[in-house]
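In the two assemblies presented below, chain A is common to both, partnered first by chain B and then by chain C.
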Partner chain A sequence: MAFASRRLGKELTKMHDKLPPGIALVKADDFKEWLMDIRVIDTNPLYDNETYRLKFSFTGSYPIEAPEVTFQLSTAADTPRPIPWHPHIYSNGIICLDLLDRQGWSPVHNVESICVSLQSMLTSNTKKERPPGDENFVKYNTQRPRDINFVFHDNQV
Partner chain B sequence: MTLKRASDDIDRSEPAKKPTPDTTLHTALPATPLTTASANMDSDDEFNSSQVSDDEFMADQDSDVSIEDDSDFDIDQDDVGFESQDKDIKPTKQTYEVDFIVYSPDQIQGHQDKQVDEVSNILGQPPESTAILLRHERWNKERLIDHYMEKQEETLESAGLGETSTTNPPRLEHVKGFVCDICCEDGPDLDTFAMRCGHRFCVDCYKQYLYTKIKDEGEAARIRCPGDGCNRIVDHKSLDLLVSSDLQARYHELLMRTYVDDKENLRWCPAPNCVYAIQCGVRDKDLIRTVPTVRCDCSHFFCFGCSLNDHQPAPCALVRKWLKKCEDDSETANWISANTKECPKCHSTIEKNGGCNHMTCRKCRNEFCWMCMGVWSEHGTSWYNCNRFEEKSGHDARDAQARSRQSLERYLHYYNRFANHEQSAKLDKDIYLKTEKKMTQLQNTTGMSWIEVQFLDAASQALQQCRQTLKWTYAFAYYLARNNLTEIFEENQKDLEMAVENLSEMFEKPIDLLQGLKVEMMDKTSYCNKRRVILLNDTADNLQKGNWEFNVTL
Partner chain C sequence: MKVTISKWNGVAAWRWDMPDDDVCGICRNPYDSTCSKCKFPGDECPLLLGECNHSFHMHCIFSWLRQESSGEKCPMCRQPFKSKSQETAGTTTQPAAQEAAAVTVTPA
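Let's turn to the complex of A and B:
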């Protein structure tokens, strides 16, 4: 864990200092799980006036290993956090993005850069859709996101 | 004996060259305890295949050793070559059997070394670089030589062997103003490393990265630079510089694995802890015509096509479909369609739990008759009593209903039998465990010698193997379209099944009766084995000739 905590400590210091627009740190009490909020900055009718919550789970081998990142639903009246519409985001918050998979991950990425990537993934999307087979996947999937073998075929969105 | 031959080959070619300093080529695998292979198997299917030892089927397999001896020990030798050779040596080969050779880790290493030597001579590159080039081209010799002759620099460069790698070997550096992008550490004393792509990281992070890749992810030949989107492969010189010696051993072991993984005619035995690889000439495209069951030296039977446990007579494609069908919920859906009806208008699923036949769909408010599925308004005043059997709307709906019921029943017929044999094989396995006890008891109580009680062992093995085959005949039959051939197949299946059940029954008799049954049991055992061979030969023969008609596309 020492490896991960040292790096996360540094990331935290940097994030307390400055964060890109639309990204906010919600909770980082330990080096296991962090919560971040992101908003889409450019106008996009799909995401206007909404904020989304991301849950980061780190293993001891972070950043060599990718963290597990999912959108988290919150229905609290004062801080509603829906799951954004996107053809690569399942309605249970699981994200299909090569960056978060073993193949596409590079230890150079960090929490901030993931947030930025997800922001831009939403910004460029125009489809109010869920991935094909969403209903079945959400109902039957018992695997953790990191153990799912996603096939990344779609470079359009 | 073949092992010796392999090293002979190397020795003969060695003196021509200077002894190479490279460790990849001549490091054998770290000794893995071979004896654990069968001892550690505990799952049922593995149990099945590990038990068989010395029945007649085995005798056939053993003759493979002689092929191995006579062959030139050239892995590149095409299957055509040794198949024809094989016919001379082994005229008794059954249709359902395929030719294969089992290789030990040392022999595989020998093959690699031999190929490296060969290509090394052609390219004029030192063996160490040749090995990297070969791995880079996934052991496709011809392609490598082509590429190399065409664009030498490019080929070397893409394999991480560009010009500067010889004049400028990888080394650690201190760089002013460096900040590691992985750990975010900085400092003028930090040891750093970068390959030629220039993505520089501190040595600790690089090491940690390589450690994770090798130890946790089992990668070797194609570990990429940690930089984002960088496709540069970490070459083994850089790797040797960065990782500890015990990790290097693992790395070289994995490198050897990639050799087998890259070769289409080689496959690792999937049994736990087994170190052998099998060579077989059956290609992916042949798999609709043949079911290549091979037997590793660790006694594990598996399919060379898909690595699953022996599934003769069903071809791999059917096995995949069947397992998927049994696994997923498609049968729940079938149950639904058999026990419920759909609203003829909006297709909502409705289960009738009482009341009259006048149905009003809750969703779309469509009114219809549960009996004939026709529109209710067509019923006039004959409420609660449907006699309108001729309406077309109702006729179609009923047809669909009946078809789905029938398809479910058909599936259940085959599935129950498939599952039954699986279950019985497990029970037979329990009996087998008791058999050993019985055998000792027999020796003690009746004064029979060890060799005289072996018939029980043989019977148990026959049971296991036949049940394995029977099990898959049901999956096979499920996908068969009916014709005259299926009649013959079903006869064969019935004969084998009866023989197996007879033997199984005898097997459960109390010990004091067993001795008297010895001759009969031996008869039955050999009958079972024969029926199995007949069934498998028939199916394999027709599969080869493309005579089977399936109700799905393979």
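Let's turn to the complex of A and C:
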């Protein structure tokens, strides 16, 4: 775990100091699971006035191994956190993004850069859609995101 | 006044011959520091410079390249990672001016 915790400790210090606009640290009590909030800064009618919560799960091999990153739903009245609409985001919060995939991950990424990537993935989206087969996927998927073989058939989004 | 140096202690500082204040992209520790697993910087925890001119602590880049998913590519530019030469980055050793001034002076 030393590998991951030393790197995460550095990221945490830096994030306490400064974070890009629209990105906030919610919870980082240990080096296993962190919560982050993101907002879309540029005007986009799909995401205006909403905040989304991301859950990061790290293994002891982070950053050699990618973290598991999903959107987390919260229906609390004071902090509502919906799952954003996007053709690559399932309604259970699982994200299909190449940089989070085994093949697309690079150890130079970090929590902040992932948040920025997801922010821009939302910013550029215009489709109020879920991935094809969302209903069945959400109902029957029991695999962890890292083990799912997403098919990146659509590079337009 | 005549000064006779009766004793002096030479002090030198070393650092990897790399751009200033840069950190290894994998562990985020400074190049002059160690990877996250080593205790002592220097020859025990050297740097590896790629043909793409991206460098990392040798231990860090090796942990990455060992992963099947790395495809043996540089984490920065995704070109196949090849070590630029057999040797790792050279060190520059220069006496640190201020520290070297630690001489004991006795007036004659």
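Rule of thumb we're sticking to: the second predicted complex is superposed on the first by the 157 of 157 C-alpha atoms of A that agree within 3 Å, B and C clash if a C-alpha of one lies under 4 Å from a C-alpha of the other, contacts with A are read in each partner's own complex, and residues count from 1 in each chain.
As a convention for this text, a contact is a pair of C-beta atoms (placed from the backbone, for glycine too) under 8 Å apart; a residue touches a chain by one contact, two chains touch by 3 or more.
Worth saying up front: this structure is predicted, and the values here are computed from it rather than measured.
Trainee: Kindly classify A:55 by the partners it touches after superposition: chain B alone (first), chain C alone (second), both, or neither?
Mentor: After superposing on A, A:55 lies clear of both chain B and chain C.
Trainee: Is A:32 touching the first partner chain B, the second partner chain C, both, or neither of them?
Mentor: neither
Trainee: Where on chain A do the contacts from chain B and from chain C line up?
Mentor: 3, 6-7, 10-11, 63-65, 102, 106-108
Trainee: Mind listing the chain A positions that touch chain B in their complex?
Mentor: Counting only chain A, the residues touching chain B are 3, 6-7, 10-11, 61, 63-65, 102, 106-109, 140.
Trainee: Within their complex, state which residues of chain B touch chain A.
Mentor: Answer in residue numbers: 181-184, 205, 208-209, 212, 216-217, 226-230, 329.
Trainee: Considering the complex alone, what residue numbers of chain C touch chain A?
Mentor: That would be residues 25-29, 36-37, 60, 63-64, 67, 69, 71, 75-76, 78 of chain C.
Trainee: Tell me, which parts of chain A touch chain C in their complex?
Mentor: That would be residues 2-3, 6-7, 10-11, 63-65, 102-103, 105-108, 110 of chain A.
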